[in-house]
Amino acid sequence: MAIEGGWRLRPRHHRQQDGAEHSDRRRHGSHRLKRQGGRGFPSACLIEEWIRVTSVLKLEQVNKSFGALRVADDVSFDVPAGQALGIIGPNGAGKSTLFNLITGNVAVDGGRIAFSGRDITRTHPMQRCLMGIGRTFQIPQPFEKLTVFENLLVAAMFGSGASEAEAADACADILAETGLVRRANVPAGGLSLLERKRLELARALATQPTLLLLDEIAGGLTEAECGQLVETIRRVHGGGVTIVWIEHVLHALTSVVDRLLVLDFGKVIGIGDPAEIMESRAVREIYLGIEV
Amino acid sequence: MNWLDTIVQGILLGGLYALFAAGLSLVFGIMRLVNLAHGDLIVLAAFLILLLVTALGLNAFVAALVAAPLMFAVGWFLQYHVLNRTLGDDILPPLLVTFGLSIVIQNALLEGFSADSRRIPAGGALETASLDLGAVSVGVMPLLTFVSAVAVIVILNRVFYGTALGRAFRATSDDPVTAGLMGVEPRRVFATATGIAMVVVTIAALYLGTRANFDPTIGPARLIYAFEAVIIGGLGSLWGTLAGGIIIGVAQTVGAAVNPEWQILAGHVAFLVVLIVRPRGLFPRAAD
Amino acid sequence: MDATVRNWKVETRTRASTGFAVVALVLVVVGLLAPFFIGRSMLRDLFSILTMLVLAQSWNLLAGYAGLVSVGQQAFVGFGAYAMFACVSLWGIDPVTAILAGGVAAALLSIPTGFFAFRLHGAYFAIGTWVVAEVVRLLLAQWKALGGGTGTSLPSGATRDMAVVEAIAEWFGVRSSHASDILTYWLALLLAALTIGAVYKLLRTRQGLGLAAVRDNHQAAAALGVDGARLRWVIYVGSAFVTGLAGALIYVQTARISPDAAFSVVDWTAYVIFIVVIGGIGTIEGPIVGVLVFFVLQNLLADYGSWYLLVLGLIGILVMLFAPRGLWGLFSDRTGIQFFPVRRILTGGPAITESSHQGGEPHG
Amino acid sequence: GLPMPAIGQASAVRLGYVSPQTGPLAAFAEADNFIIEGFKAAASAAGLEAEVIVKDSQSNPNRAAEVAGELIVDDEINLMLVASTPETTNPVTTTCEAEEIPCISTVAPWQPWFIGQQANPGDPGSWQPFNSAFHFFWGLEDVIAVFTNMWAQVETNKSVGGLFPNDGDGNAWGDPNVGFPPVLADQGYTLTDPGRYQNLTDDFSAQINAFKQANCEVITGVMIPPDFTTFWNQAKQQGFTPKVASIGKAILFPQAVEALGDAGHNLSSEVWWSPSHPFKSSLTGASAADLAAGFTEATGRPWTQPIGFVHALFEVAADVMKRVSDPTDSAAVVEAIAATKLDTIVGPLAWDGANLPPFAQKNVAKTPLVGGQWRLKEGGGYDLVITDNKTAPNIPTGGAMEAIA
Amino acid sequence: MLLETRRLSARYGDFQALFGVDIALGPGETVAVIGANGAGKTTLLRSIAGVLANAADEIVFNGEPIGALSAPKVMARGIAMVPEGRRLFPSLSVEENLLIGRHGRAVDGVWSLETIYELFPVLRERRDNPGTALSGGQQQMVAIGRALMSNPRVLLCDEISLGLAPVVIRDIYAAFPRILASGASVIVVEQNIGQALKVADRVYCLMEGRVTLTGTPASLTRDDIHAAYFGVAA
């Protein structure tokens, strides 16, 4: 299933090779550029930008309740550019809801969400995608009547603004990377659950996001598949993409993320170095179920 | 102008619409089946009652009692053998099949009963009898209609939200395959639901047929009010359907009181206004 | 690293479709020349077929591709027709210009109605559009200058005095009523060809793909950057425009209008739905097949009174039950033939072994 | 002693006939087959070779226009005949007028037919006569006269309630210029007209309240049967009991009156034709009573008023075709229609402009109209009794007006 | 044997997903089915449960051929399934979702609302919520509880640990002895091989619709499993 040539994140079509940022739509994307073109010295203006946009994602006292149930309780954290943040927590802690708040699928009750320095608290989900937030859904939501390949094309053409020809190449590569190439021309409605999950990932990648939100994509994979997935995510991350990953398969998660955040009853009860977090009493008790 | 009377007549009219809508509320609200033949099925039931009244000389109410199980069978059969095949996420197959059915019923009735305008005799005095309540006088038949509507809705509510059968109805409408894994026979459950809806249709037919003339082609005209009542009430909410019927009824009589030109329009406008304010109706189901 | 050879290819055209493009062109040309060699009665039949086809294509675009199942298209037929009548009868405008005005009026009407209808989804949308159409009907029934509920007729001679009718009459050497049939036929042919062309073009662009995505899952589509709302608006207003044009054109030929006729849900929406679904929804070929079947049935059965409608209803039911993807779907599934392919097939590269076993299925 | 050039013709005369044989208005056309069979027999006996091509409008105006087009273009008819309600007569007539095909129409009061086809019905100055279309029936002025004559027989306070729907008939009857209002005002009646309601309305409390307020003792209007039943029942429930109710259309057919149960007793209506009309068919020589009896015998159904008019339509067609030498010459056929002078089963008929305003004189011919009341028979069923014949004294009455109990 | 498949084949349209699969389950046994994505594990369970149509004698339960029976009939005989992807009923509350598990087979036994609330206490708190307003993991708990409500003789579990927090997985598998003690036999489909091997008496490995490996957990080596998964020796 390995692919020759490998897949890498290519610059969005409208981004100029010399590093000058012309797109008004995606000004915030420049931090990633810097990592890609890291060999040279960044220009002064880019440094400015770099400083201004140290955190790609910033949540300030975000609150959300479903009826009497508090699912986000004064959640505040930020994710610096290029970081990979893992989120763990018991079932029902509010992890997926947090993603829905970040992508705008669920409206916040209070608080502020900023993306690359811009307030996006009230921005439409579609706009957020165009700004560079890509996501997977925990319960896959493929376009069932479109083929797998067309599913990706949609993401690539609309999400990253690529032309159809460019998008087709990128999609084909992503299909190969995610092991779906065999199923490229099958309507997505005929996929098995795990194939659907891969499609979720592939589609999110095809939008060429600067921030990638992954919701439980490693569950149900065999060891080998899991290893491959981790490789993929590492590579994407290496390409400069900021990642937030919700996962219950801890060994996969901890092998990628730089920081770990623990959520319980909608509250952030810990954030920091993965190893430390995993050792913490709270996590061992409420999440791993190890008696202490 | 007598506003009290206008409102009271509107509420009573709402009872009639709610009765038309209650059967629809079951199939549309619970199975998400847009039944365009609903109006024609009411007319079919009315002809059935009429047939029983004229052929056997039964009283209209007794005839309706006899017709109800027959209509239950019709509904059961229809759902089991025809409509079940159209269910799914797509609203079009049921739309088309029931539209075809509507045409078939209308024209079959035309062939069988001609285009004559008929009426079910409700037993002389009852049709024109009324209760004088001082400022307003309330017709006995409209009052009976309203009371029947409320009774139908109370009973249906108990069945659908308080029994294992009702649970099976709702589960099947969500996901027939998984319901099958629970031991629910989806085809039978839907057939039973439609059968029950047809019993309600028979009750509606009794009042449709006794209050005014009907002919084979009169069904679709009332269908739109029934749909409006179901939608502004909120999908799956039977009380909502009653409320929806009353809103449309009152809007119509108030509109007419201003000027009869606005009577029907006012009902539609009330529907539009409710949906602009609450796009999912007054009492939407939590999960949809 | 950049030298990776890419041998992926994306294909949409099929051999049948390339051949068909030529055939289609020939058909249009033959259609344009038809008045030279066919009689008037055939011309009128073709006119009805073509106008119904336009209605069917625009409803299909709406329901089959955008997932907006409207039961209220008669609003635009009627409104377009009434606008045309007002232009001709009240303001003395030439009917051909008035047809355009009818289309524009319908498009304008679609803006406020869309504002309302887009708050609704699925079955709600269907019923909502129906109610809106009723409201428009009831409002126009109050327009006393055009006869209120009674209706009105075009001034006699209005169609005979249409621009170019006289020229056509001379050219063909026919009576002016025949000449106006020729003109309306040409307009219908033009409208049908342009509608099909425009729909196909739209579907082949990225917007077409976006449309399919939104219809399948609007939440996921939004999360991938597809502007579903804008797409829906474009489609809704566009199909209202086309429907309005068709309505105005139809009533130029009928020459008499009344609210019940112009806003008939059965004539302008139910039969259209019937046509599309019988033929195959979500395909461009479907409505074409459907409209032909419909007319054959009508001609065969129309003299049998209520039996005609009864049989029509039964056929609709049977097709829906046993060939839910319509007659064209049935054919296309068996043969894999598509004249208007829109599916993008990825070929080349390593190991795309399976291709879809439903290869014939378009996004429908 | 008329010359009969039709005999020498190579091809048969082609008559197109459109009527609502199915759909809600089908009751109007129930005698079509019976009449057409009779016509064919009589015509061939008289040596007229005529082919009748019948089309069903399905009670749908769109369909009516379409089949009219087919008759003209596909079947190349020489003369169009059309009957029964403006929904069918108007689209067909409009098509014929545009195609310059001669057309004779009936069974619709002439105002909705004539005015309803004008481009701007609201502006009498703009009304144009038709070139090829002709109509025979009575008009609103007749029904108004008949109704007021009937009302005059009963002691009332001259306060009238009007029920006019927003359709072809209702708009004509309620029209402030040509309808009921000006005439009633002239005759000293006060009319309470709450406004045009839509057909198939389920509640008439607004109208009932208005009538009660105005203390109306007379009710009139032109309603469809279900609406009248709804109104009549609701009126009784609300304690509103007028002395006279003269209603057009709704109680035309005996079945519709029977549907009211006992509440139909003494309702009054216009009578266009009945078996007791003292006229004979020019085609078959049968009297009105013969025709009605023949229909009942053939079909087992009671006679209805449209029978006479549909028959008369074919009488006129036969008469016209006898008088033209070339039936394909539209202009000649039109001329022949205009020159018609015929004693038909619905009375003497001529497009001579008698009793008509100038604009309609060319295209309309009037037939006599009287008034009648439905009376409960012993042992069920109703009889239509002619109670007023001031407008047509040659038609005998069968009794005097009675107030509704 | 309590349940056996005999040369079981299954297809979706033109696409054949299973080719002559033989597996067997004894009373009180736990059998694990493993295999790569798309190997046909779900298809196998769906065939047994009666969701997919088969020839009657392809599946034998208690000596009776049940391959041709519909899902409700299979369920009434005591085979309950926890479907892949949870599939709760959105218009039913959590409690109703559990209760409907008894619809086709209301057999008294160990499992009742009470014991299931004991097993998953969080469900008791949310009993009146619509089923789908729960988190993914909570939904999985409801799905398991719902299948247990009929006190089945055979429980089919399709990837029940998918998406669950480790503590919940532990709890669920901790419940296995209780499930088995109540007299039920279990087929688990698991990607989590470690987990599967821990609970299973016997393991079947599927690859592209065929059984490529059978054995007891103890007898299987890593290499065996790898080979069975991918058709090549590691």
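Letters A, B, C, D and E mark the chains in the order given here, with residues in each chain numbered from 1 onward.
Note that in this section a contact is a pair of C-beta atoms (placed from the backbone, for glycine too) under 8 Å apart; a residue touches a chain by one contact, two chains touch by 3 or more.
It should be emphasised that the depicted structure is a prediction, and the values quoted were computed from it without experimental measurement.
Asker: If you walk touching chains, what's the least steps from chain B to chain D?
Answerer: Shortest path length, in steps: 1.
Asker: Which neighbours do chain A and chain D have in common?
Answerer: Output, common partners of chain A and chain D: C.
Asker: Which one of the chains is farthest from chain B, going by Cα centres?
Answerer: Most remote chain from chain B, centroid-wise, comes out as A.
Asker: Among the chains, which is located farthest from chain E on the basis of C-alpha centroids?
Answerer: Result for max centroid distance from chain E is chain D.
Asker: Distance from the CA centroid of chain D to that of chain E, rounded to the nearest Å?
Answerer: 75
Asker: Averaging only over C-alpha atoms, locate the centres of chain A and chain B and give their separation in whole Å.
Answerer: Comparing mean C-alpha positions, chain B is 50 Å from chain A.
Asker: Using mean CA coordinates as chain centres, what's the gap between chain B and chain E in Å?
Answerer: Taking the average C-alpha coordinate of chain B and of chain E, the gap between them is 43 Å.
Asker: Which positions in chain A are in touch with at least two other chains?
Answerer: Counting only residues that touch two or more other chains, chain A contributes none.
Asker: Two or more other chains in contact with one residue: find those residues in chain C.
Answerer: 138, 142, 306, 309, 357-358
Asker: What are the residues of chain E that contact at least two other chains?
Answerer: Residues 15, 133.
Asker: In the complex of these two chains, what residues of chain B are touching chain D?
Answerer: It comes out as residues 1-2, 5-6, 9-10, 13, 16-17, 107, 110, 114-119, 121, 124, 127-130, 132, 137-142, 211-215, 217-218, 221-222, 249, 252-253, 256-257, 259-261, 263-264.
Asker: Name, in rising order, each residue of chain B that touches chain E in their complex.
Answerer: Touch residues, chain B against chain E: 164, 167-168, 170-171, 173-175, 177-185, 236, 285-288.
Asker: Help me check something: in the complex, which residues belonging to chain D touch chain B?
Answerer: Touch residues, chain D against chain B: 22-27, 30, 59, 166, 194-198, 200-203, 205-207, 209, 213, 225-227, 229-230, 233-234, 236-239, 253, 255-256, 259-263.
Asker: Residue numbers of chain E touching chain B in their complex, please.
Answerer: Against chain B, the touching part of chain E is residues 49-51, 70-72, 75-76, 80-81, 83, 87, 89-92, 96, 99-101, 103-105, 130-133, 146, 150.
Asker: In their complex, what parts of chain E are in touch with chain A?
Answerer: 12, 15, 36-38, 42, 84-85, 122, 133-138, 140-141, 159, 161-168, 170-171, 191-193, 226, 229-230
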